[in-house]
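Next, two complexes with subunit A in common: one pairs it with subunit B, the other with subunit C.
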Partner chain A sequence: MQDKEINFDCKVDFDGNLVTSKETKTSKKTPKKINDKKKKQNNKTAMLEWKKDGWKAVISLAPALLILLVFTFYPIVRTFIISFFPHYNYLDDSFGAFGVDSFTRVLSDPLFWRAMANTAIMVLVSVPLSIIIALLITVLLNSIKRLQGFFQVIFFLPYVTNGIAFGLVFATIFSPMDYGLINTLIHFFGGKSIAWTGTAETIPYWAGIFVITIYSIWNGLAFKILVFLSGLQGIDKQYYQAAQIDSTPKWRVFTKITVPLLSPMILYITITSLIGAFKSYSSIVALFGESMGNSQDRTFITAVGYIYRYFNDVTSGGSVTMLSRASAAALILFVFIMIITFVQMWANSKKVHY
Partner chain B sequence: MAKVNEDLYFASDEQAKRYEAIRKIKLFFIYFALSIAALFTLVPFYWMLATSFKTLEEVQHVPATFFPVQPTIDNYMNVFNGSNSILIRYIGNTILVGVLTTILTVVTTILAAFAFSRLEFKGKDLIFSLLLATMMVPGEMMIMTNFTTVAQLNWLDSYQALIVPFGASVFYIFFLRQNFKQIPDELYYAAKVDGNSDFKYLFKVMIPIARPAIITVTILSMIGSWNAYIWPRTVSQGREMKLVTDGLMTLFQSDTGGETSHIMMAATTVVSLPLLIAFVCFKKYIMRGVARSGIKG
Partner chain C sequence: MEVKLVNLTKIFSKKEGDVCAVDHINITIPNGKLVGLLGPSGCGKSTTLYMIAGLHRPSDGQIFFGETEVSKYPPEKRGIGLVFQNYALYPHLTVKENIMFPLENKKMPKKEALEKAQKYAALVGIENLMDRKPGQLSGGQQQRVAIARALVKEPEVLLLDEPLSNLDARLRLQTREEIKRIQKNTGVTTIFVTHDQEEAMSISDEIVVMNFGVVHQIGKPQDVYNEPIDMFVAKFLGTPPINILPAKVVNSKIKLFDDEFKEDVKIDFVEGQELNIGIRPEFVQIDENGKYEIHVEMVEYIGRDKSILFHFKGQESTCKAIVPSNLMVEPDSDIKINFNRFFLFDKEGKRLV
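Our next item is the complex of A and B:
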């Protein structure tokens, strides 16, 4: 998706001649015996230029790289290592014996598989549903002129909301009490109150999943519509005019022109939504409390929720050796995300119609 | 021959009229469907506002009332100087942390993007691809070691812990580099011929040209700080140093039933309003940045 860049980074040498960096690179790599004086000169100035840029590069990269080294690169390596030392104690920084116990514990933990099952349901239900709804809204939005900007702004609003804050709003709308908005509607149609949210053990599984699905559709539409709309507006109008001349039915236009030409965006959105499903956390905490369901079962725990369940044990001082298990779970999540990303790259090169 | 607009011609007036009628009906259904979807989007906002103006009796009234019968601002008074007024401190903390994080991020991002787009140095491509590779790694990998790092630095419950780890972002560096790359090289030669240094060129030419992209980075970084939850909760365990999202959660999480949901909704309104105002003011910049990124919070 990124723009193609021109590789010829031009420079000016001291005589004011243009020197392309590609030229200097090849001349650096293959020191052919060329008696051309000018070429030699170019090579020399390029070397000078390179040295001159060296300290500038150090100065301008140092602040960012320093922070990234300490808070991004180092943690990745260290978390990886810690996950292989099941008795790692963060208080005195003692590693103990090497072993894969943390991984076997995670993989044999029923809670981990509950988290995976919940993630799978989100992937299978809310991801496709929200993509289809977003596509339909985008096509409708693209077919109008008046009020298009107005609708676009409304659909984008959920994006600029705070996950916890609107999780709490949804918890109020889907309050388990008789006076919740949704329960009031159910009463109106003659039904009984349903325990939608909260930490009670009586929440039906389907009800909790329903609230999570509605919330994630509500929250995710904004980004999807934005991406689809910019994709749609990039499609050449001639395809549609050709279809109109042949008086092709709208549905066929949608499935044969719009969807194939949007497929790069659809793939991109699918991947980001998949990763989003693995990483959903704060909204579910707002809906079902810190324990993501009642404190025994943690019914609505997610992949990331599983990591924090053990990590919180560490930060709250409950257990100092759980960091290894949390690290192992994080590493497993990373592997999942890597697989999804590679599938995306593969699909991007193979299946997607451009 | 009847004409509807410049492109369409019909054999008879009748046919043209029928076409117009069908078009109008179609348009009606399109607007109708879009309105339903917009309503679905707006209900949570409305319910938050409506509940925030209700009294306790009305919140617990069965059936729920759709409009506040006796609107009251007591809930907001409770947030601003009642038992939940510590939320104001949290908002202050968040603004301070957000502003400082953003300043730091913008400075490090501009410098790094400049190096990657304009300078030639050994290992440039290697460093850049290493940075890009980290974008694939979930933040959960970093948070654990970062917690121990911050604990060892004795930074727990401090502003540094909330600011420094977010002072540089690979995505923003990438985003700004793409923008810097689009600046025509001719400007650089012209500046060089006039005897300007690279850094002068950065401040006098690149930054002014890439201003919209820098504004996007600034706003997204502010929004990110405002919405941060997991990291602030991890490193600020004392009552005083919390940020707004974590504060909201600790003040109200015990309440899922609805004893205080009217106050809770007043608090969420107070927390959400700055974001919505920022969105209305900087719509263009936010939407452009988001379309490129796909990141949230």
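Our next item is the complex of A and C:
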């Protein structure tokens, strides 16, 4: 009997230790499992052990958990619920009837599809482009010997630069006025000024997209280079020496050695930038004002911009029921991001080498 | 292809000053031979190998492959195969892809490349592992893949950098015979670097003993072992290591400690000259009428032989002897011995006899 108890204690101890390293969800389950499995006699010891270690875990996780619950999980659940109640009124918190009206309205709204198209361009064009550019710059940066530190600083500067300063620089370069840097250049070659940014109705669609693409590439470059560079410096130099001895052409070294060995970093960067592109909002506001283009067409509206437009409608005196529509749009965006991420993970599970 | 190193020198410039890693060495490696560069760590052997490979640029001197001087050629133009110490197999490629990699660089047709890869995989005995990744292989298997990858482009010269240092003792024995066999089969001129004298002696046609960037001796392993040119070589080769006994010339006779060194030495000595007598453990012979009296401290059985730890009468420092195990020797007893052979070195370590 005595022996048995000691043995059991050991097991619980082990479980208890596991509990402390996991989330509280599992820790709550643990005693139950033991209750089912073990005799009543031993339950007391098990509970005591769990109380000791389990509560430690709960207390340690509590601050972070509380903040997450209040500011992340609760709003997510709320959004989900509200989106299914088209007549939800946020002023008196009345839900009204259940329905999918908000979804059908969003999906039949041409503005929503414009937002999705703009977002898709950012996801499909600027993300791959910026990753390729960052990768090439990193490899070049890593291959120079002299002044490497100097160039690393130059490429990393945008990361520590204030967003406003950043926006001002872009506003100067792509100013719609004649004195804008690019427009001055165009004038020099005898062309006409182009409205690159701002809220004018005369912004050509291609020009706006061009500026957005340049802006988002430049904006994300520093961080990507930082991650790639640290990854690159972790690759054993002997792979390159071996490749050199086997007279491997430079391009083949890049595609057959560098890229595969960097693939975990590339995956990480791809997922984070894709999600970032899906959520892009502030950069567009910086370039085209809060209406994201002229106030009628909202030419450069993004998915998040669309959500925010309806949300804003509510707070600025529009119909209070618009909140349901914003929630529905948010939910649709969420589903899109999730699908893309899963596809990504699945595709990469075959290509990424850890 | 014959490899010739002429006055080859490598100086590394560092903050603390220049370090001469390889100092004007001259070595000729005959065509089709397996040559071991041997020396303690930091002796410049790997640097020499990397210079032959072209990964290090020599500070001075020339390297010849046959008649051609290759010192200025980049590695890819030298036609060499190199096996790295930790193999440097591409972790994301399968064994097959790894071996085919050098051939694909040459734009060899896929079918031909595959045939070649299979041929060399069979040669090193890994033909059934072709679809595995390096991470799924043992150290010995990785080693063979690395050799196959180096050989597949049929290089003129094969270089191996500490090829066995990452393997366990048993695998090491097995693999070194394997390397010897592969080298024999292909007839490729092979240079390998090692700090393990046993490894170098067992498989090399010739060994080059180096220390502090200088070549001490070049020759057939047995010759170098039997007739070391100086004390460093004598000490570096052989396990257990050679016993070095200090001696002095007094009254035109060599004195070993307090006793007289009772061997015929036909050399003129300067009075008072300090000498070192080198006696390999197997040179010691137990003899009832032996000339020297010793005290046995410990007796170890090492299978076929017996190893004896002893000291000379009235001396502190211990020596080692290897005798056949059927000889009866009691620990903590006094016995008499003779020396079969001995080496005589002067104070600087130069061989005299």
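Heads up, the rule we're going with is that the second predicted complex is superposed on the first by the 282 of 354 C-alpha atoms of A that agree within 3 Å, B and C clash if a C-alpha of one lies under 4 Å from a C-alpha of the other, contacts with A are read in each partner's own complex, and residues count from 1 in each chain.
In this text, a residue touches a chain if its C-beta (ideal position, glycine included) is under 8 Å from a C-beta of that chain, and two chains touch if they have at least 3 such contacts.
No experiment lies behind these values; they were computed from the predicted model shown.
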Partner chain(s) touched by A:Leu261 [first = subunit B, second = subunit C, both, neither]: second
Partner chain in contact with A:Val100 - subunit B first, subunit C second, else both or neither: neither
Partner chain in contact with A:Lys56 - subunit B first, subunit C second, else both or neither: first
Partner chain(s) touched by A:Gln238 [first = subunit B, second = subunit C, both, neither]: second
Touching partner for A:Asp246 - first (subunit B), second (subunit C), both, neither: second
Residue contacts on subunit A - larger count, subunit B or subunit C: B
Which of subunit B and subunit C A:Phe166 touches, first, second, both or neither: first
Contacts of A:Ala330 with subunit B and subunit C, given as first, second, both or neither: first
On subunit A, the residue positions that both subunit B and subunit C contact, one per complex: none
Interface residues, subunit A side, partner subunit B - complex: 2-3, 5, 9-12, 16, 18, 21, 49-50, 53-54, 56-57, 59-61, 63-65, 67-68, 70-76, 78-80, 82, 90, 93, 133, 137, 140-141, 143-144, 147, 151, 153-166, 168-173, 175-181, 183-184, 187-188, 197-199, 218, 221, 223, 226-227, 230, 268, 272, 278-279, 281-282, 285-286, 289-290, 304, 307-308, 311, 314-316, 323, 326-327, 330-331, 333-334, 337-338, 341
Subunit B residues within the subunit A interface of the complex: 27, 30-31, 33-34, 37-38, 40-45, 47-48, 51, 59-64, 107-109, 111-112, 114-115, 119-122, 124, 127, 130-131, 134, 136-138, 140-149, 151-152, 164-165, 167-168, 170, 173, 178, 181-182, 185, 188-189, 192-193, 198-199, 223, 226-227, 229-230, 234, 237, 244-246, 248-249, 252-253, 256-258, 261, 264-265, 268, 271-272, 275-276, 278-279, 283, 286-287, 290-291, 294, 296-297
Subunit A - residues contacting subunit C, complex: 236, 238-239, 241-242, 244-249, 252, 256-257, 260-261, 263, 353
Complex interface listing, subunit C residues touching subunit A: 53-55, 74-77, 80-82, 84, 86, 88, 90-93, 101-102, 104-106, 149, 153
